[in-house]
């Protein structure tokens, strides 16, 4: 069943649920799911509304214009998403195969509802995986000197392919502030540690040396500061003194891929609203 | 801040969110939190509404009458709860101290907002704990022959103390169907296994012999069938071959008390709606 | 670094560590890792010894003869495994792709040190995955009437390919007692529930109807009784009332594959000793 | 059954298991449990040996002299512990009651085998809990100016009571380097965050602001650097955007007490060897 999803946030005030739900009710919509959250500290209200698309009785343009007019009176920030639009996702990789495999398998099996028009690697290592799944692979090596040109090539590829979401699936390079800004809220990175612990390079080695008893991974939106973007999902696994750095890395790869997959799925299903450094992630629900 | 909580369920239909929220909006209420769930398989709608009590502009009786009239047209099942009413909880125990200690500490520290007017034990073992917390302790020994009389004494004590909720905090006796029916939806039991695995007696021994790699505990509403009531909360802990039955039991006691505490807390906060053998447990939220 | 692994169990008695470790020390071996466990209830002793193969100063046959003579005096059950022997693993599947993908990726990336000479499916559904990884796929459909012939074909394929381990990667068929007996301790199954809860068919539907708050998966050695074999590994994930049966199934697939992968890895690394209905699973360690 | 526990570490070399186990075997000991670990990066060997005290056939002094002579040839660091010696534990607290309650209940119920001769608080808030369990409570308020005198009083109390282990059960003060040095490896602190994330003050507020999806707690040995000592145990709990700082704090208190209890138990059972910034924590076992 196709659906229309509204993501809304605004300053909290009395009667919001009533007003918004009545707006849609009067247009004849069936509300499948309505999720809300009020940030009492910031006095901000957040809502995710899922409407049955079969009950849409006007053009999409008309719906958006009507809601825009309605929203202006409540100072709503909002976006609307139609489930019959198939998002296009670019995967950026370096040498580690596990996240790439995982996302491609989930995409192919229909768990991640999206297309993957291209994979970009700064090394040729993972081309064979792209081949297995018949996805075009672009090898764009990068050095500190060639970064601007490499990123320009990348930007063109993203544009040409009408990319909606960029996933850094263990892409061990920092994107420029300009590119991150251009795709604000549309670049998801996986960091192989439980942020904010062990930012930067070699987190498993850092974890080993600090002697932690659990290791983790963090999926977050990329922003201008490395490893500082809004966190979407995290998970951890228990370890003990016996694991070497290599074993931590291997165990960690299982955490990374599941955390990244959950974050990408939440994004594709329009369940995330970013609020400063925090994310509101609505549950899967109906 | 005091609040009024409505728990509602009814057959799903178009416009429910709008109608219900508008009902309260027009009475001048501020909705603090509105949580919903639609069981698409049974086509049943569930809602928990939390209202700011300061925005109540009539008597409680009047509110209930108005909502009753409104609800009749939608065939709503509903209950209303006022946060300034302090619920009274009876704790039933046998010999294991951990759940009793845990609930008393949480009650005393204000985490569980309730009163504990009495503890009933079928053994005198835990009286010293009741003494520590200055709660009256009634020792009501029971044998198969004396069960009816013992239960009659118990029922009187529950009545005299205006008990709202009975917690079987490792009370190793089965209550009669009559008593369970009298307190339907108001008796919470902790079973020391991950139900439906290991029903009945000696679950840790059963778990040891089956060689499971995780042990668990289950808090559920008591009903006529032993260990068959609607599950409120469960949790597990990883074990391996090294743990003896005694160690499983000790590790399990940590799971039991946290699971039972969460279930009691959810009940006291009116976050649970029972739906057949399933429970809707709304998250803590604001 | 190659290694020699001894798995030993025997009735417990004084001096076992000393005797066994001295046996190997006097033959000039360097013991890399020595793991022990005593089952005090059954008075049984279990040991896993990992020796540096570079310190082997005789033929393998000679080592085995010497240890056999030594072991006879202590009534040791034992097996020896050489890490330079590459085990051959057959994967049996039906229609669910996630476990098959997962094992093939891990094998290809070197995490599971084994060969996969063939995949057997009773449906053609997953042949395309076998093709991706260039593994021969045999489609052996089965009905109640044709089971004996189908299994005979399967047995021949396993023999021809010198299969050491059979993995039922969501193979939704029961193997005959004869075949299970022939590969005793060498058939690993994944059951999509937290055994012993929800044995048999449709465990996610059972879980939904029972209203459990966590779902799980169990990897175990197959034996004559369905879902009754010794458990190797289990894991769970928290769920709530919101998940439909389909979502439980999807969430469960992530648990299934990680649980199955851990079990297969433990088996391939010779870290498991079966003891009645229980398994001793030694930790990864060095 | 009483036991003798040896904790040993030394540079790794061939024949250590054989030599050490033979040493005890020849003295007539029954080894109940032998746990080992080799840190291959530092080439260091660690062992925990548990001997049946009933098989001790000489004086304790004689045993220690013999082992001392033996150990000198292998450059062993070692300590020996007799399970019939009841360790004395001092609890230091401020205002948060949950860890104090938890440890007292576990001590009283026999789960923590130790005595608690005194509780020291820098506020009088928790005296009523000490009263409940009839443990002497010393209120030693502290200001930056009076810290030296306060600590001197504390040191005297620890000495007078022959304290073996100091537990900072949410004692919100830093101990001086001198006191920490005097009780090196014998002061356990609980930090209410998943170290090394959120060091220092107000970790739950930090966690809220960073928008993490899990919160945790860390038990560690105190050393001269705040929150930098060797980690003994950690655990986490999943959270989401809905939890306020107050709720994070409450959920965290459940993690804190279980993490602290496990760390104290591991210490009392002589299952920990500190190795630089890392700890070897042997499993519970027999």
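Each chain gets a letter, A, B, C and D, in the order it is written, and its residues are counted from 1.
As a working rule, a contact is a pair of C-beta atoms (placed from the backbone, for glycine too) under 8 Å apart; a residue touches a chain by one contact, two chains touch by 3 or more.
These figures come from a predicted structure and were not determined experimentally.
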Selected pair, out of A-C, A-B or B-C, that shares over half of its residue contact pairs with C-D: A-B
Selected interface, A-D versus B-D, where C-beta contact pairs are more numerous: A-D
Separation of mean Cα positions, chain D and chain B [Å, integer]: 36
Intercentroid distance (Cα basis), chain D paired with chain A, Å: 41
Junction residues of chain B, two or more chains touched: 37, 40, 240, 242, 244, 285-286
In the complex with chain C, residue positions of chain A that touch it: 97-98, 101, 105, 109, 111, 132-133, 240, 242-244, 247, 250, 254, 258, 283-286
Sites on chain A touched by chain D in the complex: 37, 39-41, 194-198, 209-214, 216, 230-236, 240-242, 244-245, 277-281
Residue numbers on chain C that touch chain D, as the complex places them: 14-15, 17-18, 21-22, 24-25, 30-38, 40, 238, 285-286
